[in-house]
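Pasting the structures here.
In what comes next, subunit A is part of two complexes: it sits with subunit B in the first one and with subunit C in the second one.
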Partner chain A sequence: MFINSVILVLQEIIEAALLISVLLVFTNLFQKSWDKSFVLQTSWVGISIAIGVVGAAMYSYYTPQISEMFDYVGQEIFNASIHLLSLLLVCLFAFLVPSARLAKDVMGRAKFAAFCMTGIVMLAIVREGSEIIQYIGGIAGHEDNFTPVVLGGFIGAGIGVSTGVLLFYGLINLSVNWSFRISVGLLSLIAGNMGSQAVLLLTQADWLPFTPIAWNSSSALPENSIAGHLMYALVGYEATPSILQVSIYLLGIVLIVISPLFRKSWPLQHSLVGET
Partner chain B sequence: MKAVVHSASTSRKNREMKKYLLTPLKTLSAVAVLCFAIAAWAATPEIELIIKDHLFFPAILEIPAGQKVRVRIINQDPTPEEFESFELNREKLVIGNGQTVIFIGPLEPGEYPFFGEFYPKTAQGVVIVK
Partner chain C sequence: MRSIRLFLVASILAALILFNFVAALQGYQSSMREADTLFDNQMLDLARLVSNLDLSNASTRDLRLGNNLAFQIWSESQLLAASHNAPALPLQNFAPGFEYVNFEGYRWRTFTRYEVPLDRWVIVAERTDLRFVLAENVVLQSILPLLLGIPFVGLLIWIIVSHGLRPLQQLSDALRNKGANDLSPILSANSRIELDQVVESINGFIQRLDRVMEREKRFSADAAHELRTPMSALKIQLHNLSEEMDTKHESFQQLQEGVDRMQHLIEQLLSLYRATPEQFINNCETVDLYAITQDQLASSYPYFEVKEQNVELIGSSIEIEADKFALETLISNLLGNANKYTPRDGSIVVSIDDLGDEVCLKVEDNGPGIPEAEKSRVFDRFYRVAGSDGSSRPPGCGLGLTIVSHVADLHQARVEVKDSSFESGSAFCVYFKKKP
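Let's turn to the complex of A and B:
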């Protein structure tokens, strides 16, 4: 029960932690390199976590009703919508925040960036958090599970948050250019993964047609190995993705690569990161 | 234990058809759409998977190759469970004393293990595709 609880909570926490780390690196970069009057407070993280936790509690409270919707595939539809909404926010962030239109309005830009990032993190926490609440709430209340489940949960959460902190400090200790480039690269994988997860859920609900699997790498890198879990949390690794999933994943990457955010991280002429 | 594959009874479908034949011509197209929907719905066979005492019944689900199947998971335990399978690429929460539906397949012949993520020690099963 204890080890199971560690793994389950770690799995959910690590995804959100890595996402928060990448977005915090952006906050850090913007603070460093943009106009001095550009005030992007780090407080958006606290706000989004707080709203996310409340949202997760509400989602798990209404899970019985939601799961019965659409002939018992309500959960899939709900979670796929969360993924697609997050993808939309990631695209708005990548396309509008660095755009010339907002260049004169530094406060507006800061607010818009904070709005996008708050939304993305909040949605991630609603999705991941509700599963933790279902697990802890449903299991810990029964039998003599309480201590091992809650203790395991705390340890899992601790490892997940630590991994996020490691990624954050690893990235901000690189040169500004490389920190920016790797973060944009990770954001493109995050975008691809959001689209791919939405496709998987809608296929599971039979709202999207079945497509054959694109490849099977389960012998090279099994999904239930430690490396497999980490890769799943970081880039959404799956050993047997469907062709439609892979296509949407690639589309997500392309969306970020054609965005102004990507052009700023790989400037054609000057290497002035985040020049406004 | 083996799973039973059942589909909507043809007599019920016939009754519905007869009823609709009496309606005016105007609604013919709508009826056609409805019949098509019923036919499409009936075309996906359904199997039941029961969770009780953190065990799956039946623990072995046999399904034909190349066939999409609707799996109705009924949780008779008061605790929630999460149906998970790496091989099937499926993950779904089933609330305590609740039920849910997932679609699997069409699949290649082979064995596809699944487990309950909340009670993985006991809740184990396998889908055998023939």
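Let's turn to the complex of A and C:
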């Protein structure tokens, strides 16, 4: 119970922590690199976490009703929709925030960026938080399981949050250019992972056709090993992904790579300062 | 703005939690493996014990063990003895070693042993769920303090980091509390190797700044002082000239005005120099602000008369602690300023109000007033507000209000520029601390 609890909570928390850290790095970079008047407050993190926790609690409360929808694949459809909506917000963030049109309206850009980031984090918390609530709520109710499950939950959450904090401070202490490049790179992996997860869920719901398996790496890195779980949380690793999943994963990466946000991270002058 | 304290506390705590928790997981896994070996060894002992049971005694043939344990003793295909919870069939194939089996709705760990001298097969079994829970409870007890200690470790890190950053805070306070004119070096009582270089650099910078400012002040004061003697000679020569030639000549009058302006500038430069904190010899005494203002008005009266201005003094006798000479300079400059910027036939009101803790000396006029954007600059040296038509300026050198500001600073008084109570014009208010 303890190890299962650690792995499940760590997997969910680390996904959210990675996302929040990368977006917080952008919050920090925008002020450094773009316009001094482009004041993006970090208050969006608190707001999105608060709304996300409430949303996660509501989602887990209504899960029985949701799963009965769409011929008993409601939960898969709902989760896939969350992933696709998050992907859409990531793309809006990457395409519109750095755009020249928004650059003229500094306040508008700050508000739009904060709106996108709040939405992305809120959806991540709803998704990951509901899974944690369902797991802990389902298992910890048994007296014998309570201590190992709760203890495991705290250990998993501690490792996940600490990784996020160290990643954030690690990234913001790099030079502006490298910090920007790595953050955009991580954002592209996050986008790919969101698309791939949505495809997997829609395939499970029979809304998308099954496609052949692209590769099988379960002997090299089994999904259920600790490293496999960590890789799943970090880059959405799957040992036997379908061709469609891999294609959508790559599409997510390509979307970020062709976005103006990616171009901003490779400036000709090797400096982002003053760029709009 | 990023906080060094938050960065240090958050990253140290995160690193500590990460390494400790990962170590705890590693410890959990190896402890569970050890516990498994320990339980297996116990089963070996149990099997040895059971194999030596005296089966002639009927009670030993149906032994009651705990619910988590079971055993069977077989000889060929005959069950010789068994625990109360063991099934009638063999728990395992008759092959020595450890195995797993399911019965009674649980999963059991079994150990089979062949006792050669007695020609018996002994099978002992233990419920895996119970031995796992037992092992996990023991191991988790060692992890629990790690988790409970995190808030205390966090608090401790916060205190240590705050203590470590205190010299930086002290340096920052020392710089913040430095007066505007205080160019003395920073003394670092609790010096730290890391901050010594910073303090040294700041002190070096202050020293250079002090030298530059001293040079600049001395230059203007020396220049003004040195110019005083030739200026006096020039005035005498001008006076002598006026006796000998036609003084109504335009060039002569312009020459006289030019010399007067220059003399005024020299006097103002010297007043400004005297009003610097380094030169100011504080001869504070109890003075009557009303009486001094009245004297200054009387001595400035000819200037008001020339422009036919209406001057009024409102108030009553009130005492403050001030340097009489400096206060006279302040008042005469305020009056001179009002005289210059108020048009012919204009009105000037000087009032002294008791505001409780403070005394307000106010000089207001119905001149053109000062545009809002320029109000903050009127105390700058050599700054002069343009005339009402935006181009011409009344005569003056732009030092009068700077002197007013310096003298006010020396008395810990504050000066404010407001709009006057007339339709147009400005009001200069100097708030002195009242004598306790």
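The rule is simple: the second predicted complex is superposed on the first by the 269 of 276 C-alpha atoms of A that agree within 3 Å, B and C clash if a C-alpha of one lies under 4 Å from a C-alpha of the other, contacts with A are read in each partner's own complex, and residues count from 1 in each chain.
One rule holds for everything that comes next: a residue touches a chain if its C-beta (ideal position, glycine included) is under 8 Å from a C-beta of that chain, and two chains touch if they have at least 3 such contacts.
All of these numbers come straight from a predicted model, not from anything done at the bench.
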Touching partner for A:Gly158 - first (subunit B), second (subunit C), both, neither: second
First (subunit B), second (subunit C), both or neither touched by A:Thr63: first
Contacts of A:Thr147 with subunit B and subunit C, given as first, second, both or neither: second
Subunit B versus subunit C as contact partner of A:Val6, first or second or both or neither: second
Contacts of A:Glu128 with subunit B and subunit C, given as first, second, both or neither: neither
Contacts of A:Glu15 with subunit B and subunit C, given as first, second, both or neither: neither
Overlap of the subunit B and subunit C footprints on subunit A, listed as residue numbers: none
Footprint of subunit C on subunit A - complex, ascending: 1-3, 6, 28, 144, 147-148, 151, 154-155, 158-159, 161-163, 165-166, 169, 172
Complex contacts: residues of subunit B adjacent to subunit A: 44, 68, 70, 72, 78-80, 82, 86-87, 89-90, 92-96, 98-103, 105-106, 117-121
Contacting residues of subunit C [partner subunit A, same complex]: 2, 7, 10-11, 13-15, 17-18, 21-22, 24-25, 28-29, 133, 136-137, 140, 143-144, 147, 150
Touching residues on subunit A, where the partner in the complex is subunit B: 4, 8, 63-64, 67, 71-73, 75-76, 131, 134-135, 138-139, 142, 200, 203-206, 210, 218, 222-224, 238-242
